[in-house]
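These notes concern the structure reproduced below.
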Amino acid sequence: MFESAKRSRVLFKPQDLRARRVIASCRKLLSERGAAMTASLAKATLDQFRALDRKGQARFFTDLLNEFSPDPAQVLAAAKAYAESATAANLSRLGAVTEPPRQELFRRLNQAPNGTATILHMRERLLELKREQPELDAVDADLRHLLSSWFNPGFLRMVRVDWRTPAYLLEQIIAHEAVHEIQGWDDLRRRLESDRRCYAFFHPALADEPLIFVEVALTDAMAEAVAPLLQTPSTSKDPAHATTAVFYSISNCQPGLRGVALGNFLIKRVVDLLSHEFRRVKTFCTLSPVPGFVPWLRELLRQPDDTHPKALAQALRAVSNEMGSDPARIGGDGRSAAERLAPLEEPLTRLCATYLLYPGLVEAAQDPVARFHLNNGARLERINFAADVSKKALRESAGLMVNYVYTPDTIEGNHQKFIGGEIVASRRVRSLVLTD
Amino acid sequence: MFESAKRSRVLFKPQDLRARRVIASCRKLLSERGAAMTASLAKATLDQFRALDRKGQARFFTDLLNEFSPDPAQVLAAAKAYAESATAANLSRLGAVTEPPRQELFRRLNQAPNGTATILHMRERLLELKREQPELDAVDADLRHLLSSWFNPGFLRMVRVDWRTPAYLLEQIIAHEAVHEIQGWDDLRRRLESDRRCYAFFHPALADEPLIFVEVALTDAMAEAVAPLLQTPSTSKDPAHATTAVFYSISNCQPGLRGVALGNFLIKRVVDLLSHEFRRVKTFCTLSPVPGFVPWLRELLRQPDDTHPKALAQALRAVSNEMGSDPARIGGDGRSAAERLAPLEEPLTRLCATYLLYPGLVEAAQDPVARFHLNNGARLERINFAADVSKKALRESAGLMVNYVYTPDTIEGNHQKFIGGEIVASRRVRSLVLTD
Amino acid sequence: MFESAKRSRVLFKPQDLRARRVIASCRKLLSERGAAMTASLAKATLDQFRALDRKGQARFFTDLLNEFSPDPAQVLAAAKAYAESATAANLSRLGAVTEPPRQELFRRLNQAPNGTATILHMRERLLELKREQPELDAVDADLRHLLSSWFNPGFLRMVRVDWRTPAYLLEQIIAHEAVHEIQGWDDLRRRLESDRRCYAFFHPALADEPLIFVEVALTDAMAEAVAPLLQTPSTSKDPAHATTAVFYSISNCQPGLRGVALGNFLIKRVVDLLSHEFRRVKTFCTLSPVPGFVPWLRELLRQPDDTHPKALAQALRAVSNEMGSDPARIGGDGRSAAERLAPLEEPLTRLCATYLLYPGLVEAAQDPVARFHLNNGARLERINFAADVSKKALRESAGLMVNYVYTPDTIEGNHQKFIGGEIVASRRVRSLVLTD
Amino acid sequence: MFESAKRSRVLFKPQDLRARRVIASCRKLLSERGAAMTASLAKATLDQFRALDRKGQARFFTDLLNEFSPDPAQVLAAAKAYAESATAANLSRLGAVTEPPRQELFRRLNQAPNGTATILHMRERLLELKREQPELDAVDADLRHLLSSWFNPGFLRMVRVDWRTPAYLLEQIIAHEAVHEIQGWDDLRRRLESDRRCYAFFHPALADEPLIFVEVALTDAMAEAVAPLLQTPSTSKDPAHATTAVFYSISNCQPGLRGVALGNFLIKRVVDLLSHEFRRVKTFCTLSPVPGFVPWLRELLRQPDDTHPKALAQALRAVSNEMGSDPARIGGDGRSAAERLAPLEEPLTRLCATYLLYPGLVEAAQDPVARFHLNNGARLERINFAADVSKKALRESAGLMVNYVYTPDTIEGNHQKFIGGEIVASRRVRSLVLTD
């Protein structure tokens, strides 16, 4: 390795040289046998990394891939020894040579001040790079593995966010809300009033940054549309009379944690907490978008008419009469979205039910929001027409929103059924499916 | 596996059956694909484990070893594939089949309320069992691996322990002090006065239990003996005038964390903190026992006299004249320990210097305390005679204590030298070695 | 005034001169019209005061009395003006010349760092001096007035004291317990277990010092004796099953606050808190000493036999047969207190009932503990024989203890009756009174 | 009293009756001799008061004045007794009959939950009523007296307000800023950056409401104008290099505390704090408005020209040529304020110096801001032209702002001089005065 590094040095650009210097620091850090210098070496290494420009970072990750992977020969030898005799010693040796040295490297980098935050930024960058260099997934696998261990739900602290929360945290809530944008402090305040709740997960190593947060409305019925939940000024109601908790938004704040499951644990914990605090609340539901619906519809409209069952074909025609082949272009002719949508209530709702219950009808991925909640053990309860007429919602979900219901007693069963391929849905939704 | 389990069921004793039930819960927990039920299943499994008696626990760990290890055939296949083509996919597959499923199991168990604490208790038990069943080290390796990751120094919080600390924490300090026993609350109080410091590491998942703590005296000279440091009542001095920080005790509180490096990081952090708070403190040293000295001496006395260099043989004779062949039996004839020790100052001190600088002289392990500090980058500075005349200290260290000095600028160099086999010691200590 | 000071200067002793210097600082402090220097002048003045010896302090208070009292001529003029015309201006002038300048002086001294604590120490000393110089009560009246205002219950914070409380606070609880001495940390711990409660009042200006605390046992019956409540080691019981809260000790920590009502507010707040936390607790009672009983008895025994009602005389004879004329000397003849007390159960209990219900029988003060609880609206419920056989309790209360019961609904009525001269007692206690 | 109340009952309107009921509750509260019911009676009384409309409140205060004042006859008798013999007992009696019973009433009301906050609201209303009923000042004197005692600086906690402060507190800072309006959260944020400081006083009985706050800019020179200090977005500078702390705004949040000195203590504390934190900061100055300047100028312009010294008359003519008789109408002819002000720099600045140094020139009050800072011991350092061109600042201060400088060593001396009638000003300001 050193040989080849020497030979190719002449080709190195300045950024490559800087990346090589970070790699050299990584080697030094990994070779430390005591702890005396670990933290300061880790700090120095991360400082060097941060000083790299984007190309330097790309180079750094490629080097990490090439130079800190397990040695195939050693792995094979250890695997053979273990196959011959499955002793503790052989297993230990196997584990030692199989684990990419990158993992220990990241563990040591984590000892720098703010190490965890920097590693999350590293991964954010790595995720971008992976799009063009899929082989970097091997490096990402190590980070994913470590982050899943470090951000184990057992280490997370759930915190209520309200008007007593320090401003610098609220500011982050405003910035990270991903589902229904927060317009400013007044808008935020409405979402933190006594009949609204917001909970966030924090990790001790990132004390000042929320990881993920969920927004809940305490109401007296399952919400049909999002506008009434967000409207300001509002008369907030006494939450002691609420019967229903509507989870209307869930947002991740750390792109570097993509793929590390947090949302399901957060929902579970909030359901537990609210059911203790509000004895009268019996229904826990979401009000969720269907972001895969319009792409699915577009795909279907592209297919020859006669390949569809009759009812389905009819519904598709109704939609295309009104919107043409792009259902996302609702409201394009001067009429308001609501006006154009009005005649489409039945076909759109039934198409959506069909989409959610038979995702395999065309070759398209299952709706990601549906998959998330169904896998968590929720039931597909109701499809709401014209429930969110914001631009983004029209473009992705044709304005539809779905209530998924979490019933503590059936969560486990529903989850098992979903694992087994069955989607648990209310009779009402099932009756909407367009089949012959 | 299931087959064999069925066939042998008739032989199971009740505790075995109970252990099998825990194993069954573990399987269930591992097979979960969503997060919906993880926390409650983990809780149930840990509850079952806690209900096992000691035999049941032994059985449980043996089952963990037998049934949750990697499959050798799969490992071999993946290793071959990776040897042929070192792609990300093959590496990922290799990692997946090589990591013992126990690791994921423990990660999931950790999601139960107080999961981390229970896992530490599990390991405490496992460490006991390992003495008789060394093959269980394969299970322990998984726990060690996870705990090192979870108790990464980047996640630990250093807390000052003083008289403002809640009583339930102080109580634990009293209970866990391992070096110089604390007699009660008055004794503790002396150790928390303004010219004394105590710092502990805490982990967020064990908020109410210290992991390790260190006790420091701020003085105006390197301490020669421990009694003056502990003495009550005392006139505590203004620490602003101190020139020296003496680390006179370091104690682990969690037997389940054995082998997870914490002490070195704690010392490093305390040195940093004190050097900022007390600008006049220039010397950071320990006052440490030499617990391997008496066993080493006894071994040496057992050997034929003429195998030793002359000076060494002479010193040994002086010791055996006074104490017989067991140097631990000091003071056995009615005279006080101090009286019997008095004539031995020179031979004992020189023997100790020889022991610390030439640990390989007889086939004995290096002194563990010396190894710890030297590996951390400290320098062996001074050997103090009659420095601790408590029973335990006489029995293990013949009453001697050692000052190791931590000098921030030379820590890295000293550590490197130690790794390279060299022991950094003061001229004074070196001059004491008994060589010809 | 200045004249006379000059003339007598020759007689001043050094401490008098020092006291005069404090008085001079007080004048300066009082003459300040802005706030610029108040805090630093106040600090300097209090520092000077602390440097005085006891004689100097006595001199200082005498000077405060002589030189910082209202001017009688000014007062009279203002009173006449107000009598002629009760205008706001005349009232204001009246208030200004009538309020002793000492009050404003103390208000300004309070602005020094730790001013409040020092003023409390001042008053502690003043209370001692008052015993010999009753005229100093005029100075004390000003302090009492200010402290009542500053320590208004609206400003006090009630804090639960338990095993999570910092050691330096627990130490104060041990030191100040006035009713049933705490022997050390183990003894304290028993009083802080889950079926025991301890609450203290704190004032924001004395954040590190409790003002007063009360100890409560949660039990399943009204306690008859104190020993079972204090006993260690103990099996603490689940307080969720408790039906009764026994207030078994209430202790003041600040001698400088004598006469400032705190205990009644603390009891009231604890009753409120516990009745919310433990829905099953229906009985709130005390287990209280009767410290005035033995002095009263001694007084009665001193009187001629034939002045008493027959039943009373008979009971007194029974007592004096056993104990002679001094009922405090129980157990003097080698028998244990319990043995000597045994035959006296009836006469002692009935004498105590008589004492508590007819305090005016001899010219003696009403029992102070009884007066405190009765005035707070409690009911005299039960007299317990041999309920506390500690030396102090035998000497003061002949081993008897009383349960006073606080019933939220009747507190107001009972208090009004007590104000009106009536003592509310249970039928049982009333039936014990020795009348003809 | 009761008689007359009965006779006039027929004339009572409903609100009067309600006010009478509050008064009746007050009597009951005052007559309580134990503490048993004080808090609940106090709560009931304050609830009743809050239910009164504005007329009812006016009636209530009038009744407080008429019925809870000292009895002139008793006062006179006690004053005579004290005049004859100035004993402690007579002094005590005098104090007791002279103190209006209202004071004890308010002390008891303070024991209700949130009593202090309600009493502050009471006083707010009373201050309004006083404008039309000056005789109510007798009631206000009692509140002022109590509040000065309760809000003794020794009890106040100074808190730094920054971006970590909870939103509900920041919201109050936005609402109460009285000098330079805060436009919203972004504007606020600039004032909380690292080179800005904001400190507030809190009282323990009003934990959620600041009493007063001050805003400070850390700069490298004495500020000449306010706009650069407030400007957003800004490049905040490293405060470690600052040499100057500019107090550019101080705002009261509690109208009910008017007349209770807080600002001077707050400035003093902040100066102390900053001089410890920033060793390089040597200059502590304000940037203050001169709100009395334009009224003074208008008054002067109204007087006959020839009564003034020549230089003064000349300056006045220059001003009136440009602005007419109303200097507040700057910018009225279409030109910007800056344009119209430009030619007036010299006359306006010199007129202002004359105003500040010779406030008695016309019969007008001294500038309140000047009086505040000069009495606190500050020095009048510099007059800045066109330093604040906001509407309010032009109307009141003709756009001028003044730097007052606080130098710890001279504060005491300056304050004493001000008390003695001398205004301490820089040579520069003194040289501007328009005298002949």
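The letters A, B, C and D name the chains in turn, as written, and every chain counts its residues from 1.
The rule is simple: a residue touches a chain if its C-beta (ideal position, glycine included) is under 8 Å from a C-beta of that chain, and two chains touch if they have at least 3 such contacts.
Predicted model, so just to flag it, every value in this text is computed and none were measured.
Trainee: Considering only chains that satisfy the touch condition with chain A, which of them also satisfy it with chain D?
Mentor: Common contact partners of chain A and chain D, which must touch each of the two, are absent.
Trainee: Measuring between Cα centroids, which chain is at the maximum distance from chain D?
Mentor: The chain lying farthest from chain D is B.
Trainee: Just the number, please: Cα centre separation of chain C and chain D in whole Å.
Mentor: Computed value for the inter-centroid distance: 41 Å.
Trainee: Compute the distance, rounded to whole Å, between the mean C-alpha positions of chain A and chain C.
Mentor: The separation of the two C-alpha centroids amounts to 63 Å.
Trainee: What residues in chain B touch two or more of the other chains?
Mentor: None at all.
Trainee: How about chain C: which of its residues touch chain D in the complex?
Mentor: These residues of chain C touch chain D: 33-39, 65, 69-70, 72-73, 75-76, 78-80, 82-83, 86-88, 91-92, 94-95, 98-100, 107, 110-112, 115-116, 134-138, 141, 145-146, 148-150, 152-155, 157, 204-205, 261, 264-265, 268, 375-377, 411-412, 415, 418-419.
Trainee: Which residues of chain D touch chain A in their complex?
Mentor: Spelled out, the residues of chain D in touch with chain A are 163-168, 170-171, 184-185, 189.
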